[in-house]
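Listed below are the structures to be examined.
Shared between the two complexes below is subunit A, which pairs with subunit B and subunit C, respectively.
Coming up: the complex of A and B.
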């Protein structure tokens, strides 16, 4: 009755409201008379500006997995390994498609689209007898297709076509840049994201191909131009053929050939390979700078970073500091604004593991807080991971870490996080620092934000988190952490299992506090889960095995959580496999079990516990006493009790 | 005879079980183990010093020390893990040992009484047998060993080497006393103290890092760093230099591309995905323009597509079937968006050439059908 009346009233009210509001609408649109309309100038937009503006409105959703993962609950990655595998499988699917496109090119020759999409067509194949011209070589060089460019160049050579010196020069640059090795194709974005530091490891030694195509091309260019010198020097410096690069630079100097700033930068970068001691390196570095100054070359950001890189290799801490503090004002005077890479070098110069503590990061952050950076230098992507590492290991300062994190999330700075490897280092340090310095509730907020979609803690960090929980007495978080550990596949780490159990057992839940009311049952669930997991893993021949301690803790938790039935199962497991399980459960675990047996009125189980205690030389007196007092035992049980602890005990 | 016997005594077979038993016994004893582990064990050194050459002593000393440390490690690993059933095993073993030693004692006595004639002979054989059987760890028979030594040393100088070793083995009881410090070499002392320190730390579960950290923090606080306020290097005096351009254009393009790749990540939403595809030229570029990427038709007016009759004017008759046919062709072509204006023109001109070639046939046909005419 009441409802129906409401229904009837509703539309009327709605209409009335809309009528009254519509009248008001028109009155607000009164034109302002005396302000002339100014039409702004047209701003030229690039094809992607609009899309990028739209993309900027989409923040990162912490509750969802990354966009690249298939939107299906079954396919949401839940461990670091899975993240990597899924992303790379997707990419390898793309690779397979590409392979088929190239392999069965005759099927893809049709051009449906207007204008034609070249990416979807099979790429040109150049063979020994294909008709090539200079223009195709020019196009290939512009596209950066090293292999094809070299092939076409060879074909042109064979045919005796004259190649213009300017084209030859760009080919030389291309070959020098890639060291005549095919680079990873641009579109394999996931592969690059997960590649880690393989490339850097590769680069620790000389990889320049001596006497290869680059040098052949170089020798063909006569007379030698500054460009040809520059490209060969840069190529050799990039691939660490240091001695020869430096020799070439000197040769160019003798011949009065004017080089450019970037070429000098490339040599300054490898000064540490040319000289051994800090003093010598610094001397050579300043000499090179002098030379640049004489040649009236204006240094740029690359010079600044190269000099700082050279300084960062000094073993002599004091010299490194003073040198860095001289270089910075010098470049400030020259109006060279530093990039994140510059700050990265400063951090590694000032914050050394063995040097004194330096708070240079405070000054750096004061300098750059709130700024947005673009990538300007290859080392720019190293800044955030290193800064967080300094915050954690060098200064141990939470406030600084938060500032760094704020900077990371300013504007598009997140693009400079680097790759997955650096990102995980960053978050590893961040979380580890927070869990040591923040209260457990604050920390769990951050944890909820980051885990699991942005970062999945490694087992070591998990242990730190558990330790923080233990110290702060936040036992109510343990079940949550445990479920995360199960998901992240950390359950085969014995130390983590022990840690979880220890926290649950040592912090007896307080039934008064509302947060911990569920805890006994949850603890029992965790224990049971763990028991089953470990049993499972034994069957699968993985490395975890029970220890007596572990089983004792599981037993305690099951008893506390009121799961007596399972507790008896665990006890019988302990009893049966005595000889396989190293260590024994704690005495208190058995006591709690016996106590529970008294409650449940099952003397036979209590006697099993007692028998186990006697056999394993655990103090059985209190257990026996409790059994004797707690039950009214029948003959069989009584005689068993006697046989276990002796006649004398009962007389007392 | 005695020498022979002593070489027997040397054989490892007799040696090892003895040492083993020693270890076993020791490991169950509740003495504190750690300290002992690092002290070398040669309690007989003072006695040996009196009558043995110095170099051999040092050899013995070294071996003893080595064995001492060896046993220490054994001990640790054995006692590390209390295993269930230990208590039982321990008890059983103790009983067994007791029984065994009783048996051995009586057996040795029997043999001695069978062999020897005089009381002293009997005693000696018995003690020798026992020494061999029970091992040198049994602390109950120092007298027997003492006897052995003196007897051996006095009787046969040729067997001195073996004797020495045998002494050594006899002396292989584990010394549980702290060894006086001054006997260690400096290097050894350092090494051991280092080792023990690391052990300590390992046990406590505290690792070195935080400690070092604390110390460092206390020792120096450098405060803030004035990054740009220092004395400049003073190499570049002219700050108004024109910025130098890269002389290598291809190189700078390549390095720019590499740099941008370093800051590019897998797309995080659909818009970024679109950005990526746009950059790869896989989708239309914004702003959307129907004539995007038209190369050959850019400067062609729409009228050239639609008004095609102009191409008929100079050759086609103004009326008649051919004109009719060609007008239909023009209508069809003007509605076709898939061919270029040039292609349309070529198509029409093809018909012109065709009709030109068939002119004679056409004329014949038309003359057969009067009333219709064609003008060429």
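Coming up: the complex of A and C.
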């Protein structure tokens, strides 16, 4: 009885899983005697499988910052800039430690672990006069140490050591892969994550080093092997030395050298640099594919993506569409299963800004919903940001966006989000779409989930959110958004400040609704906070200047919130700096202030407001009337009133 | 904390947590010396910032180091020091090292009793 009650409390799915995964059925009845016990085959596990299974049970904690940040209020980043600096600072500290290790290598020669862990020891230093052998070159190439490998190779050359062709080939491959440039070390993940605009740099044009080590190595390899051709062609294609790469491919074809699929892929990828018009590109592309089939090369995923990349560069929308629709079934027949990169290309082929609306993403999502992907192609990481962009800008469809988000959070698909830049594009589009299409309360739930630990809205998105709040009349959310804006450092954007004030002033709180009971005081707090922030910013570099409208709104909010004392201060600020502040407060703001002065029995403040109104050509008649009726004025005040609006007015 | 040694384990807990002093345990002396090194390294690297004892916990092959740090430098600099300390100590000890810091606004916040 006790047990069954406990079980009911457990989630049902959990029980089902635990029972089925253990492969046995817990029954009290004795098993039938004739059924033999079947021992399942042993499943091969890797050393980290258990850890991964454990890790799969915990998801991302929305309430805590990413675990790379230190869990202490002082050290939790609160803006996009802080997220970036903190993570990079930590990594820079790591780099400094590594530098110390290399610089004082004699101190780090001890070996604690058995077997020794190479990464903890200082790396070998090769100089002009080190004693090197072929084996050290082999080891360096295996470790991918480009700079040292090249140095050792040069030393071996000087000594006249004979280097075997296959070692030369592997050095050639290493040099071609990195274009003889030291790559960013793999352990610096934050630097990769925050590296921006690498896409633009890739596109910028030829970076291949002509006549450099790669070509020298290539010329030394005699007779030329298919591998040497392949590595040089791929290197040139990767670093956009397109003409020569293509020429080499043709040369290899003439010499009847059998190349491999990936080499052809690399050429197909750069077809758009070789030919100018869509028709020519498509022709060259089909020629290359035919050549592959003549050489009996089996196309792979890389070929599919390269062809689609080529198609995506066509300016001619119709040709691009028909070509893509031809290619897809062909590759399906060849049993090439697409990766996320393939879908990325399909999206950019079909969903163009100036093209007709295409619903291809619906079919894609139906196809891949619930699937878990691994990275197979460099462009795989572009899918999610682009898909969300299509959902927002092309189709404007909330349900689709939710599907994309669900796919992103399936299994380990989040690994394919790319880098911080793509992640922020993804969430920017997601939040902008949701705030336009969802009711404000539903939207705020998503907002609470994502902000600030996963995503911090940029000022543009903040404005969209505020606009959504304004349209949906969710004025009770404004104080919360304002405090976020203060934390995210958005308070120097004038348009945002005006937006916040406009919403608070235009939506007069309804004291009967429980959600809005606190609102007048909260509004006054926001206004006061803003007033102080702006005054503060005048002393700083990033200046925001008051406008009359802004001050009028602040005045109104302070009055409504019952902070009369501060309101008079703001009014005297407006009055004193008339010449510096562009524009004037709205008439209603002054009216509300005068009304409050009546309540507070402070005629001199009301007269200041009146004087200001008269001096700035604001309709002062209603104000004067209200002052005259509201107060029993003494002589001095009365004469001032008369001098401001004239005697004739009072006689009526 | 102002507690005489016989209160350790009662009113005050250990500063080093490891199993090297159990019967037949490995590396008792090395562990003690390493802990001294870690304490000196951390107090020196976080110069005039550490406001508490440095607690060193060893589990399997990891070392976790906890301390209270004064908020006297910017978080950015703190992150630099965190990365630096973790990495350098892991080169030295040849195992993963994690810093688990808490920050306090003022040195006086950690004074509980004047003697």
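Assume the second predicted complex is superposed on the first by the 605 of 652 C-alpha atoms of A that agree within 3 Å, B and C clash if a C-alpha of one lies under 4 Å from a C-alpha of the other, contacts with A are read in each partner's own complex, and residues count from 1 in each chain.
Methods note: contacts are C-beta pairs under 8 Å (C-beta built on N, C-alpha and C of every residue); 3 or more make two chains touch, one makes a residue touch a chain.
All values reported here derive from a predicted model rather than from experimental measurement.
Should the superposition on subunit A be reported as showing a clash between subunit B and subunit C, or a fit?
fit
Once the structures are superposed on A, label A:72 by its partner contacts, choosing first (subunit B), second (subunit C), both or neither.
After superposition on chain A, A:72 lies in contact with subunit C alone.
Applying the document's definition of touch, where does A:62 land relative to subunit B and subunit C: first, second, both, or neither?
In the superposed model, A:62 contacts neither subunit B nor subunit C.
After the superposition on A, what does A:298 contact: first (subunit B), second (subunit C), both or neither?
After superposing on A, A:298 lies in contact with subunit B but is clear of subunit C.
Please work out whether A:104 is in contact with subunit B alone, subunit C alone, both, or neither, and reply first, second, both or neither.
neither
Taking the superposition on A as described, I'd like to know which of subunit B and subunit C A:96 touches: first, second, both or neither.
After superposition on chain A, A:96 lies in contact with subunit C alone.
Is A:579 touching anything from subunit B or subunit C once the two structures are fitted on A? First, second, both or neither.
First partner only, subunit B.
Quick check for you: in the superposed arrangement, does A:120 touch first (subunit B), second (subunit C), both or neither?
A:120 sits against subunit B and subunit C alike.
Report the partner of subunit A that touches more of its residues: subunit B or subunit C.
In the superposed model, B touches more residues of subunit A.
Classify the contacts of A:371 with the two partner chains as first (subunit B alone), second (subunit C alone), both, or neither.
neither
Does subunit B (first) or subunit C (second) touch A:226, or do both, or does neither?
first
Quick check: superposed on A, how many Å separate the nearest Cα atoms of subunit B and subunit C?
6 Å.
Kindly list the residues of subunit A that each of subunit B and subunit C touches, one partner per complex.
Correct list for subunit A: 87, 117, 120.
Along subunit A, where are the residues that touch subunit C in the complex?
Interface residues on the subunit A side: 70, 72-75, 77, 82, 85-87, 89-94, 96-98, 100-101, 108, 111-113, 117, 120.
Give every residue of subunit C touching subunit A within the complex, in rising order.
It is residues 71, 75-88, 90-95, 99, 101-103 of subunit C that touch subunit A.
In their complex, what parts of subunit A are in touch with subunit B?
45, 47-52, 54-55, 58, 60, 66-68, 87, 115, 117-120, 141, 144, 169-170, 173-174, 176-178, 186-187, 189-190, 192-193, 226-227, 230-231, 234, 259-263, 286, 289-290, 292-293, 296-300, 325-330, 332-335, 346, 350, 356-360, 362-364, 367, 374-378, 380-381, 393, 396, 415-418, 548, 578-579, 581-584, 615-617
List the residues on subunit B that touch subunit A in their complex, please.
Residue list for subunit B touching subunit A: 81-88, 213, 216-217, 219-239, 241-252, 254-255, 257-276, 278-282, 285-287, 292-295.
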